[in-house]
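Going in written order, the chains are labelled A, B, C, D and E, and every chain counts its residues from 1.
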Amino acid sequence: MSFTDRVKQILSWYTSETPGTRAQLARLLTTGELAGTGKLVILPVDQGFEHGPVRSFGPNPAGHDPLYHYQLGIDAGCNAYAAPLGALEAGAAEYAGQIPLILKLNNSDTLSKGEPCSAVTGSVDDALRLGCVGIGYTIYPGSEHRNRMYEDLRELTLEAKAKGLAVVVWSYPRGSGLSKDGETAIDVAAYAAHIACQLGAHIVKIKPPTAHIEQAEAKKVIEKAKIPVETLADRVKYCVQAAFGGRRILIFSGGAAKGTQEVLDEIRQLNAGGAFGSIVGRNAFQRPHAEGVALLKQIIGIYKG
Amino acid sequence: MSFTDRVKQILSWYTSETPGTRAQLARLLTTGELAGTGKLVILPVDQGFEHGPVRSFGPNPAGHDPLYHYQLGIDAGCNAYAAPLGALEAGAAEYAGQIPLILKLNNSDTLSKGEPCSAVTGSVDDALRLGCVGIGYTIYPGSEHRNRMYEDLRELTLEAKAKGLAVVVWSYPRGSGLSKDGETAIDVAAYAAHIACQLGAHIVKIKPPTAHIEQAEAKKVIEKAKIPVETLADRVKYCVQAAFGGRRILIFSGGAAKGTQEVLDEIRQLNAGGAFGSIVGRNAFQRPHAEGVALLKQIIGIYKG
Amino acid sequence: MSFTDRVKQILSWYTSETPGTRAQLARLLTTGELAGTGKLVILPVDQGFEHGPVRSFGPNPAGHDPLYHYQLGIDAGCNAYAAPLGALEAGAAEYAGQIPLILKLNNSDTLSKGEPCSAVTGSVDDALRLGCVGIGYTIYPGSEHRNRMYEDLRELTLEAKAKGLAVVVWSYPRGSGLSKDGETAIDVAAYAAHIACQLGAHIVKIKPPTAHIEQAEAKKVIEKAKIPVETLADRVKYCVQAAFGGRRILIFSGGAAKGTQEVLDEIRQLNAGGAFGSIVGRNAFQRPHAEGVALLKQIIGIYKG
Amino acid sequence: MSFTDRVKQILSWYTSETPGTRAQLARLLTTGELAGTGKLVILPVDQGFEHGPVRSFGPNPAGHDPLYHYQLGIDAGCNAYAAPLGALEAGAAEYAGQIPLILKLNNSDTLSKGEPCSAVTGSVDDALRLGCVGIGYTIYPGSEHRNRMYEDLRELTLEAKAKGLAVVVWSYPRGSGLSKDGETAIDVAAYAAHIACQLGAHIVKIKPPTAHIEQAEAKKVIEKAKIPVETLADRVKYCVQAAFGGRRILIFSGGAAKGTQEVLDEIRQLNAGGAFGSIVGRNAFQRPHAEGVALLKQIIGIYKG
Amino acid sequence: MSFTDRVKQILSWYTSETPGTRAQLARLLTTGELAGTGKLVILPVDQGFEHGPVRSFGPNPAGHDPLYHYQLGIDAGCNAYAAPLGALEAGAAEYAGQIPLILKLNNSDTLSKGEPCSAVTGSVDDALRLGCVGIGYTIYPGSEHRNRMYEDLRELTLEAKAKGLAVVVWSYPRGSGLSKDGETAIDVAAYAAHIACQLGAHIVKIKPPTAHIEQAEAKKVIEKAKIPVETLADRVKYCVQAAFGGRRILIFSGGAAKGTQEVLDEIRQLNAGGAFGSIVGRNAFQRPHAEGVALLKQIIGIYKG
């Protein structure tokens, strides 16, 4: 297989990594409908753990079956499918080799309250035995427990890289250090992307940033340096820059389920801002299969340009 | 390569260390424009993690790209470049062997509040695989969490020394034990330098001390012993003495970005007081490249004498 | 070398220990001016860490240099020199084998407030690589954090004994459980000595006890059993008894710097009460070198009898 | 430091390695008189172990002192100095940082007979604590014990690369599988170079090949494919090709001591054939210091072109 | 304690070692009658293991008791006492601290035949718990099993140095690679000394070399280079040179029991040749106590000069 120039360019940003890790990044970039474009649409299904099955799979009960999501990702032509240990295990044998897998290594449920802190629920060795291309991990900058999360990630990252896996970090600001609006503020979103890069992530996922600015000192700089933050495309563009000047793959979550047009409009803005792609979960699997596939294909179409 | 007498003298203070560690200290002292002088100017870029990308790189957007800083350090003739894991990884392969690297092993962001405590975000093995000459670590004397930081450092230091790396400690008094003015008070700055030495650091970085005296008991001694603390040069001189009677390499941070003359005046005072050099970050990378190089070269020029 | 009867007697109290540990105790008892007498005068220099360099070394600036203290201990004929990691490292190679060393494994600074709790700043392996005869450790009975300190000590002690090192415990009652006067109360001082013995210490250091009695229940017993506590010698005698009936080496701190006569009077009382010796820091190193040596020699002279 | 195009080209062959390993290769290629040329002259002194001190150092008794060789390598401007554990330890502290070091990790003496098999006499951790740029290792293809040597090397190589060291392999065909002439036969020499590359070596050292062809099957191919093997330059050219088509650094041993003209003539042939350089031991250190330096400088001059 | 210039000079050869190891070497050089002279007389008693109790202790049955040898070493003023695990354990508690101990870590008995290869019968941790200054280890260059011995020693040495112990190597050429005369041939003895140094030994013990030359190639060099080997003093001088140009402590075994004059004559020759001292076992402990002490004192007298 010979790579497109864009894929070669992206891989050139990861030359400090082992060939194994680079090969996994290459697999992600050369699989599915977006193969070769440098864009990624990943199907993540950790909502069952994060929000409970009722909220996650009630709207489309077929989604209670983990194999449903493997098939959904394949049918839609996604680059990868990401899920926690149990869900991956449930289909990893049947679907071995059919779609790149990302093992989500930490997860949190909503049955306890308090400062957010996910539990480490899988290991790098699990990712290897399940045939994954990489590990996924969530950090909550802003939480009192951020240090524990950063430190657990450090160890997982070192091991994953040595064993030739890619590292995907979900960076979701949250916790007592931030206002509710601040969780998606443009300055905070860019900061979250940057922290994940500094922690050694190859692929970073953040939420689409709003025009809110959380930190007074950041506000001053944005105004003085005239960083445009009015449109979503503007803000995405800055976040991409914050992710090592565009040298790390930055993708965006789809957020809560919403109407098809709303989803597609947002994707168009993300694409216009230079996003490397999207992670689309609920908007895909909470629809009936055919509709979910159709929506994902429309999203993929936008990124194809 | 044969060493200058000054380099030999400095190395003679570290005879309890392994030859590997001594070789790394020698590399730091024999690289860049200040090679052989016993002085060091190091470029540190951890502000993206510590203050966020907007505040750090907004003033000079080229700095969002981690490779920018490798090149800046090389172009200016710095002795070393220090950064967190992700930023070093982003360019370690391209720039392998071109400038000594220090892996900053702990970092803190400003998205959470509370007593300061950095997370350990890298390991000694990371420093080795990235080809670093040493590890960097920040302690916050004055924080309720100081003990955890001292203890994590103890383990990293023991491992780093056994594996032939140098240990650089950023000692920044901060936290509920101190007033805001106290963070840079002369008695506290000297104390911070001394603690880092006691923890086994080879190179210690503190902030330029002010004439404020935080601790009443220290005030009495300073007056009785007539320790001069009026000028910055006086205070630097005492801090150098507090760092094991001048037998440890003590360098000073540049602090917040400011005007060129202000920076250079401060460096002249540091040099007059016997500082071993400076760590200059924001004042270098928040200017356009040519200006940043020019300023670093002027700073280097002052230390060259 | 053949030992005096007194040295043999003291060593006979430690027959449960490994020969390595006993050999280190023997080295302590057969080094310096007091060799063979069963008495010990140890030079400790952890005040730089504990009180800061200004207060510690301001009165005699030569003491900022860690090598100064090695030489002071040797010139005065002390049995050992005790210090934290960094200070020992600074001279361990130059002075290798010239004076027994005790690595102080935990330390606290005065830049934070709150319940006292030292950080563990060194390891048993550090003590071995630096060539020490033993480890030193401070506990603060009376602190809310005493259990953490006792438990850390437990692990260090087990390891130190297996590897043939001696264990020296500084037992300093302090914290919210005690009144200020109670810190040196006779009942508390004796209790502190006993706790250190119970934790497995070979050598215990306490402060000279006052006639104050902190605990009401203890007061009743002291009165009923007519335990003499009026003179310092009386109180020292009881503390020695509290340290396993005299079967553990109990030494006394010199406390804050004071006049020569005051120091020597106190030492005479300690000696009269059966103290095994003294740890004299500030009173020795805060004087000019010649005076410090002279004072230490006078103290040694008193213990020599 | 910016690298020459040739150094960049050579480093581009090692992009599967960690940045640490690449940095060490860069150091080798940018040190000494040949810095930047892509050529290497390394001083190896393991003959004391391999042939005994009488034969090795009798002709120039100053060479009994291990520090002599450090100085010789520095004075001559060599890229590196390679020796076994003890000899490196003897000077590693004094010469820390003055010349790149290669720790020879296995060695053999001539006091026993039988199939050749070197003992592993050092570890990767030794190389780190002594501050080496890489490890050296000898294999004897042709020996009954080759598998043990290949397998020990496998483990050392994996560890060395993870810890950012370079791997230099001496590949010396020897043992019951080969005739005496076969040890340096062109087909065998090329084969030996290739095996070392296959074992993961970054730098390979072989002996200058003779025109003898050991293996009948190889002879047929050489004749049929008309591979020129008549001159030493021809044969060197083929060995370079056998070392991964020229993508591995292949250097040549100088062999037994001989006359200056003979040595220089051979080097000219090696250089004409495209050798990356030479390892010159006995011919350098068995002459008086000034003559040894002069010869090394002449050799370096030839490679400089 | 301040060291003599000679002791300082010797310690300066070991600057790559940890301060702990240097302190142990200092203890060896500052204990006993030869303290400060740079000379060593060590009492080794491993003959019970090596030759059996009948041959070893039959001539002086008091020697069956391991405590006998502790006392003998002390009474004679030896620098150290060396023995296998069991013998050291038998008296380590009673004699703790009275004489430096060397734990002989491998031993061989004469109940089996075949190529010589000692078993590893103790560990570095044993040496620490018994309070030893160092470990002892025997290698048999010339044996088919030499590689196993060298490799076991490599691991013990790395650990011993990290834990602050000295390493003493008995280098006894023996085995199928050598003729009987060759075991003490001058070329072989020098080679044996050199191998032990290369393996990282701090102190090397060989047998007094004879004028026999085992290796034809060595003979040529000795003749050509006119290395004097006629007298024992000549040969000792060369062996000292072979031990890193005199930068390692080289001592000589006393060999089989013989007459007092014969022993003393040999010691005089050793001393004249620059030997650092002797290891004297059978000649000391196979005599009655008073005679053994007297002989050792005469030997010590010769080295004192």
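Basically, a residue touches a chain if its C-beta (ideal position, glycine included) is under 8 Å from a C-beta of that chain, and two chains touch if they have at least 3 such contacts.
As the structure is a computational prediction, the values presented were derived from the model and not from experiment.
Peer 1: Counting one step per pair of touching chains, how few steps separate chain A from chain D?
Peer 2: Graph distance in the chain contact network comes out at 1.
Peer 1: What's the overlap between the neighbours of chain B and those of chain E?
Peer 2: Both chain B and chain E are touched by C, D, going by the contact rule given at the top.
Peer 1: Going by C-alpha centroids, which chain is farthest from chain D? Tell me that one.
Peer 2: Relative to chain D, the chain whose C-alpha centre sits farthest away is C.
Peer 1: Centroid from C-alpha atoms only, then distance chain A to chain C, rounded to Å. What do you get?
Peer 2: The answer is 57 Å.
Peer 1: Please compute the C-alpha centroid of chain D, do the same for chain E, then give the distance between them in whole Å.
Peer 2: Their C-alpha centroids are separated by 35 Å.
Peer 1: Roughly how many whole angstrom separate the Cα centroids of chain C and chain E?
Peer 2: So the centre of chain C lies 39 Å away from the centre of chain E.
Peer 1: Going by the touch rule set out above, which residues of chain D reach two or more other chains?
Peer 2: If we look for residues of chain D contacting two or more partner chains, we find 15, 18-19, 89, 92-93, 125, 130, 162.
Peer 1: Can you tell me, using the touch rule above, whether these chains form a line, ring, star, complete graph or other shape?
Peer 2: Its topology fits none of the listed shapes; call it other.
Peer 1: Using the contact rule from the top, write out all pairs of chains that touch.
Peer 2: A-B, A-D, B-C, B-D, B-E, C-E, D-E
Peer 1: Any idea which chain A residues touch chain B in the complex?
Peer 2: Counting only chain A, the residues touching chain B are 13, 15-17, 141-144, 146-148, 150-151, 154-155, 158, 173, 175-178, 187-188, 190-195, 197-201, 215, 217-218, 221-222, 224-225, 227, 241-242, 244-248.
Peer 1: Within the complex, which stretch of chain D touches chain E?
Peer 2: Counting only chain D, the residues touching chain E are 48-49, 51-55, 57-59, 61-62, 64-68, 84-87, 89-94, 107, 109-114, 117-123, 125-126, 130.
Peer 1: Hey, which residues of chain C end up touching chain E in the complex?
Peer 2: 1-3, 11, 15, 18-27, 30, 74, 89, 92-93, 96-99, 125, 128-132, 162-164
Peer 1: Within the complex, which stretch of chain A touches chain D?
Peer 2: Touch list, chain A to chain D: 15-16, 18-19, 162.
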